[in-house]
Amino acid sequence: MNLFEIPVPLELAPLEMAPLEMDWGWGLMMTGVGMSVVFGLLALLWALLHLIARGDEWAARRAARAEAAAVAQAPAPKPVAAAPASPTVTIADPDGLDDDTIAAIAIAVIKHADVRRKQAAPEMRANAPGSQLWASRWVAVGRGLQNTPWRRR
Amino acid sequence: MNLFEIPVPLELAPLEMAPLEMDWGWGLMMTGVGMSVVFGLLALLWALLHLIARGDEWAARRAARAEAAAVAQAPAPKPVAAAPASPTVTIADPDGLDDDTIAAIAIAVIKHADVRRKQAAPEMRANAPGSQLWASRWVAVGRGLQNTPWRRR
Amino acid sequence: MNLFEIPVPLELAPLEMAPLEMDWGWGLMMTGVGMSVVFGLLALLWALLHLIARGDEWAARRAARAEAAAVAQAPAPKPVAAAPASPTVTIADPDGLDDDTIAAIAIAVIKHADVRRKQAAPEMRANAPGSQLWASRWVAVGRGLQNTPWRRR
Amino acid sequence: MNSETLRLLLDGVNNLSWQSMVMMAIGLLLIWLAIAKEYEPLLLLPIGAGAILANIPLSPLVGEHGALTTLYNMGVENELFPLLIFIGIGAMTDFGPLLENPKMVLLGAAGQFGIFLTLLLALALGFSQPQAASIGIIGAIDGPTSIYVSNKLAPELLAPITVAAYSYMSLVPLIMPPVMRLLTTKKERAIRMPYSSREISQRTRLLFPIIVTLVVSILVPFATPLIGMLMLGNLMRESKVVERLTGAASNELANVVTLFLGLAIGSTMMGERFLRPATLFIMGLGLIAFVLDTAAGVMFGKLLNVFSKGKFNPLIGAAGISAFPMAARVVQKEASRENFDNFVLMHAMGANAAGQVASVVAGGVLLALMGAA
Amino acid sequence: MNSETLRLLLDGVNNLSWQSMVMMAIGLLLIWLAIAKEYEPLLLLPIGAGAILANIPLSPLVGEHGALTTLYNMGVENELFPLLIFIGIGAMTDFGPLLENPKMVLLGAAGQFGIFLTLLLALALGFSQPQAASIGIIGAIDGPTSIYVSNKLAPELLAPITVAAYSYMSLVPLIMPPVMRLLTTKKERAIRMPYSSREISQRTRLLFPIIVTLVVSILVPFATPLIGMLMLGNLMRESKVVERLTGAASNELANVVTLFLGLAIGSTMMGERFLRPATLFIMGLGLIAFVLDTAAGVMFGKLLNVFSKGKFNPLIGAAGISAFPMAARVVQKEASRENFDNFVLMHAMGANAAGQVASVVAGGVLLALMGAA
Amino acid sequence: MNSETLRLLLDGVNNLSWQSMVMMAIGLLLIWLAIAKEYEPLLLLPIGAGAILANIPLSPLVGEHGALTTLYNMGVENELFPLLIFIGIGAMTDFGPLLENPKMVLLGAAGQFGIFLTLLLALALGFSQPQAASIGIIGAIDGPTSIYVSNKLAPELLAPITVAAYSYMSLVPLIMPPVMRLLTTKKERAIRMPYSSREISQRTRLLFPIIVTLVVSILVPFATPLIGMLMLGNLMRESKVVERLTGAASNELANVVTLFLGLAIGSTMMGERFLRPATLFIMGLGLIAFVLDTAAGVMFGKLLNVFSKGKFNPLIGAAGISAFPMAARVVQKEASRENFDNFVLMHAMGANAAGQVASVVAGGVLLALMGAA
């Protein structure tokens, strides 16, 4: 249906038409049937959403039950000995680094690894370094994921 | 007009054609009329640009006059008392932080807020964190702006 | 060839067809000729790749020879004087900064310049600051490079 | 320079009609609304530009070989563009608030009354049945649905209907509040509703688009394109395994298609077709559709309030009109006007997402009842 | 509400056939494989969605004016989409490992035996000559090549062939290892191969796509579209002067085309055309093609082993089947199973890149021998 | 293997003509210029690739169902691609320097003399009127304008004209300086011009594209597509409310269309059509057009110099040829050659932006005078 071939109904002059001829029956039928169908469909959808939600709850309950059973089956953990005077774990480090320093280094290392990971395989890059435009590392990661189908992201 | 249906004028052999038959009149007419129209149109454009620039100047003058009037109408500010011996404002901070430290913290806080703002609604993200590819936060901001039509960016 | 106009051969029922009528000759011809051509083409490709590799090696050898010649032609460097007792260069800095500090500052300045460079001409930006979406600086750089055709990237 | 050359050069000025000048003025108005008022600029700016470029006298951009007509044939005539935009909308929409509160689905249905009431009014004004149905669909308050349905039923009215739909959609924050205040008491607006967020499993998020597609499409085949594309986008989003496609659908593709769609629709705003009393009636009926939708939503909210013994805030009903996510924000704003810390946004978002689905369903039902394909 | 209206409303349900229900179930299965198993989700999800949307009874998305049919006509019928995807693949592929080890080219050739052996089997099962050739091309183990060739030779089989190609391609890590272990001895798998990386000059990287295009295209004109587009993408990548085009080809364009291609192919999975014994045969023959390809590759590797006096690890032959770069990784995994620090990845990548080129060449040769254009 | 099979396999080699070999060599030359010399690589690389792929003997990429022909029909035949590129160019162009110095507009007009002088020369060489006009348009020194106009007037010359336009455009920094030095004295080149930057209001920036569109389009309807699309892009850019569209037009869309346009134009470089004396003449006339444009610009600059009593640097006239923003940089470079700290860049940028507008206007005027649509 090409718009430019449609004969434009220039004679359409709404107000001049006799409103008496209007098909009220058709209009009311449309309204009645239309809104009934819309309400009916969405009510059906509501029922289905309820069913899915039930499924979720049931799955959650089953998981909880399974966990409880696992806990029950597991040997009761030995009662913890009375807390000694100084309960805090201290990482003995021969280099003489204290805990805070080790924690800071750990975070720095993790962060560094994260940054390196994001930069990904630089030899796959089609673009100049510094360009964030095409981010072909994302492509690389995408292809990689496609090629190891059993690892969940 | 499909190129591949055009009969290729293989017989076109420019040098063999009699240059005497050339329609100098047509060519000169094209040159004359063409350059006149181009110059005429661009001169018209120049005039219009001038008018717009005038409008700008006029708007600027009116704004300046309005400002001047506002200043005139406003009550004259009380004369500032003679500067005391030590005019520098010092933020008295009970925690003992000096001005520079407070300024540094303020800038850090502003920067942090800015970063957070840019990250925007993370739940709207369709992509893995770290991906700058689709930047769906931009989409989110775009839709948000569309939905609050009266706030100027 | 419009798929939706293709008469779907519903009568195609492979197992009912008499396998005896099968054109083994055609199939074997296809296999023989097909694999021969594939192998032949790829062998030809192999030969050509070899030729290119030879070209590379030849170019490398020529470059090495040219370099050697240049070294030979160049006047022999004067023998370095016996190393003095304290050979390390020390940047004497009137402000009292030691070498490590100066190196750190130098790297910071280079990094800063690099960041500024990447931000490029901000007036060319069509987008809000902070948007990495369109990265129009890349466009700017691209156009710039097009306009200075003799500078290698 | 002979007279023929002169005629060629003045052809444009000679063919300047009052209609083309009025249409260019309307195009400028749309651009002004888009830029100065930021009313749905992504569509109104291209529509305005398209209207101007199409109404330039003798414009080579429209007609059999015109570039804007090419864009029209490429994606509007065959309904491809609105459907592609629906993939992007689906990829950008989070149906979580609806999944947390499935009963909000009914509010979405209530927000479609305006469609049919407007249809009746349009019939009364003398429009033909397909035209009346197309005008009614403005009441779906959903741009691509309006374009899709009116293009099927009454393509000669596509331009005014699209302009009405997008103009009023950007005016939702102005149109809704008076209606909401008129129909509710201060006490009703102040009703607080408890909100117990529950975690929606990944499984539910994936099942939702699939089930909606199957149920709606099988029962109302005419709704298949609309609901199918919307839910395809949402499935891609929730699957989390095709980020490349989700990103392309909600960014590059959506942007390019939006630009083309706006230009193509603007190019159909030709003077002799647009400048008719019908257009004025459509603009008026469109406004009425928005008001009726809001009123129906609020009244349905009041009904729910009665059934729930006063625990349901009727304002939330108004969010069922779609216009996602703007309507939900307007509802929250009205609720917090009465009571600063009354937080009904999540309920409203649920109703709003339901309205999005219901609009598409209503569009399909309308097409089914008209028997058009 | 008269009976006519009721009939209109129940049209969808009335037209629900067992075929459409089975096809929708198959569509759901493909979507499940894509999301839950992440089997080639970028194509299987759109294909599954297309299959569901096309098999909704009375779906307006297919047929003369359907949007999915429009997508089909826009890029599948005229083979544009697979060719555009090839530009993107070329732009993403690094042929460096092949250029470092040119002799690996022959392994790529060996990995195409499966095509012709499967063709013979298909002939034996009663398929016509063009159909048998199309089924054989599944053995190219390369999605776009399969789509391109089967669309030329037997478009009525396009859907099952594409589904088979992409399904098995994602199963390569499951299909290959047993075949590789069956055909090689522990000792053979443990063979270590020296690797002397040599620098590949920019000149070589640029000459490679140009020479491959010229040689293959002139000798096998039917391969011109496939090899030309693949190598054009690679030339753009290696030229380093058209990053904007390289990026557009391997991102925006590839993403949008992948989405459209998947939907369009899914839309051809109509019940009465897909649910035939032929489809089952094709799925079976596709699996056989993958196994035969792997076996041929390994056997050719063993041949090279003999010629090189035991210095060639026959596992590397299996990487010649294309399925880039997945096959090379599987080979490396098998090799390091025997010997943790046996590193054959770079040799395997060379064979794998050769397989990519050889698949395209084989597709062209097949078309040439069929005399189709 | 019978003789028929052999014939099929050697079909390609048998059909290798000297024309196809020369055309492939020309394609390789264009690719070399693009990669090694970085001459407009974004277009010359795809054009070169298209030329090679189209001239492979029996290439299935061209012809009724060929993929490159499909691209040609999709966007070159109907002029869609150059117009879409114009939206992107408008979105990337800052007309600020022109708005600060409106009188520079006249310099843009002067830079179009080359068009008509070249037209006269082409007539003298025996080209037909439409062909001569198409060759003249190379003097617009604006790629999409050349493509648009020559495609309308003489599509059989599209390929050589496009190649000439883009080749010489990348050579602007080589072609212009000798002409500029020849026509100006050392003293003239050293003239310093004061520059008072004034703030351009947002209102002016928005009014500019609107007014230019209305004025030019109404007076020269044939220029509507070119000027309308260029200014639409600029309006989107300056509106600051449709960044998504601006970004899409100047990035994704522009990149994909550039690639397709290049390939499609390259595919029209068929041997028997391209390898004619006409092509050589066109290449020669194109170079003359560039020289004449530059000369006319400088001479007009000298005229302004006289009128302004020696205060106007005539070099700036040369920036009116368009070739945005390259020409302005060349002017600045020449000016600072004489006088290291003579900064005329902003004046030159104004003239350059005016040249961009004037080129489009001249294209429209040419079409109007030819009476073609």
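Here the chain labels run A, B, C, D, E and F in written order, and each chain numbers its own residues starting at 1.
In this section, contacts are C-beta pairs under 8 Å (C-beta built on N, C-alpha and C of every residue); 3 or more make two chains touch, one makes a residue touch a chain.
Here the structure is a predicted model, which means the values were calculated and not measured.
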Interface copy of B-F among A-E, C-E or B-D, with over half of contact pairs matching by residue number, is C-E
Report same or different for the chain E and chain F interface, where same means the shared residue numbers exceed half of all residue numbers found there. different
Where the CA atoms of chain A average out and where those of chain D average out, how many Å apart are those spots? 26
State, to the nearest whole Å, the distance from the C-alpha centre of chain A to the C-alpha centre of chain C. 36
Counting in whole Å, what is the centre-to-centre distance of chain E and chain F, each centre being its mean C-alpha position? 41
Please report how many Å separate the Cα centroid of chain A from that of chain F, as a whole number. 47
Among chain C residues, those touching two or more other chains are 33, 37, 128, 131-133, 138, 142, 145, 153
Chain F touches at least 2 other chains through residues 5, 9, 38, 41-42, 219-220, 241, 243-244, 247, 251-252, 369
Show which residues of chain B lie in contact with chain D when the two form their complex. 29, 32-33, 37, 123-124, 126-128, 131, 133-134, 136, 139, 142-143, 145-153
Can you name the residues of chain D that touch chain B in the complex? 1, 5, 9, 37-42, 91-92, 94, 170-171, 173, 237, 243, 246-247, 250-251, 325-326, 329
As the complex stands, chain E meets chain C at residues 63-64, 69, 72-73, 76-77, 98-99, 102-103, 105-106, 108-109, 112-113, 115-117, 119-120, 123-127, 129, 132-133, 155-156, 158, 200-201, 203-204, 207-208, 211-212, 215-216, 219-220, 240-241, 243-244, 268, 272-273, 276-278, 281, 354, 357-358, 361-362, 365-366, 369
State the interface residues of chain A toward chain D in the complex, per the touch definition above. 1-4, 6, 8-10, 12-17, 19, 22-24, 26-28, 30-31, 33-35, 37-39, 41-46, 48-50, 52-53, 55-56, 59, 138-139, 142, 145, 153
Interfacial residue positions of chain E with respect to chain D in the complex: 5, 8-9, 11-13, 15-16, 24, 28, 31, 34-35, 38, 41-42, 45-46, 49, 52-53, 56-61, 65-67, 70-71, 251-252, 255-256, 258-259
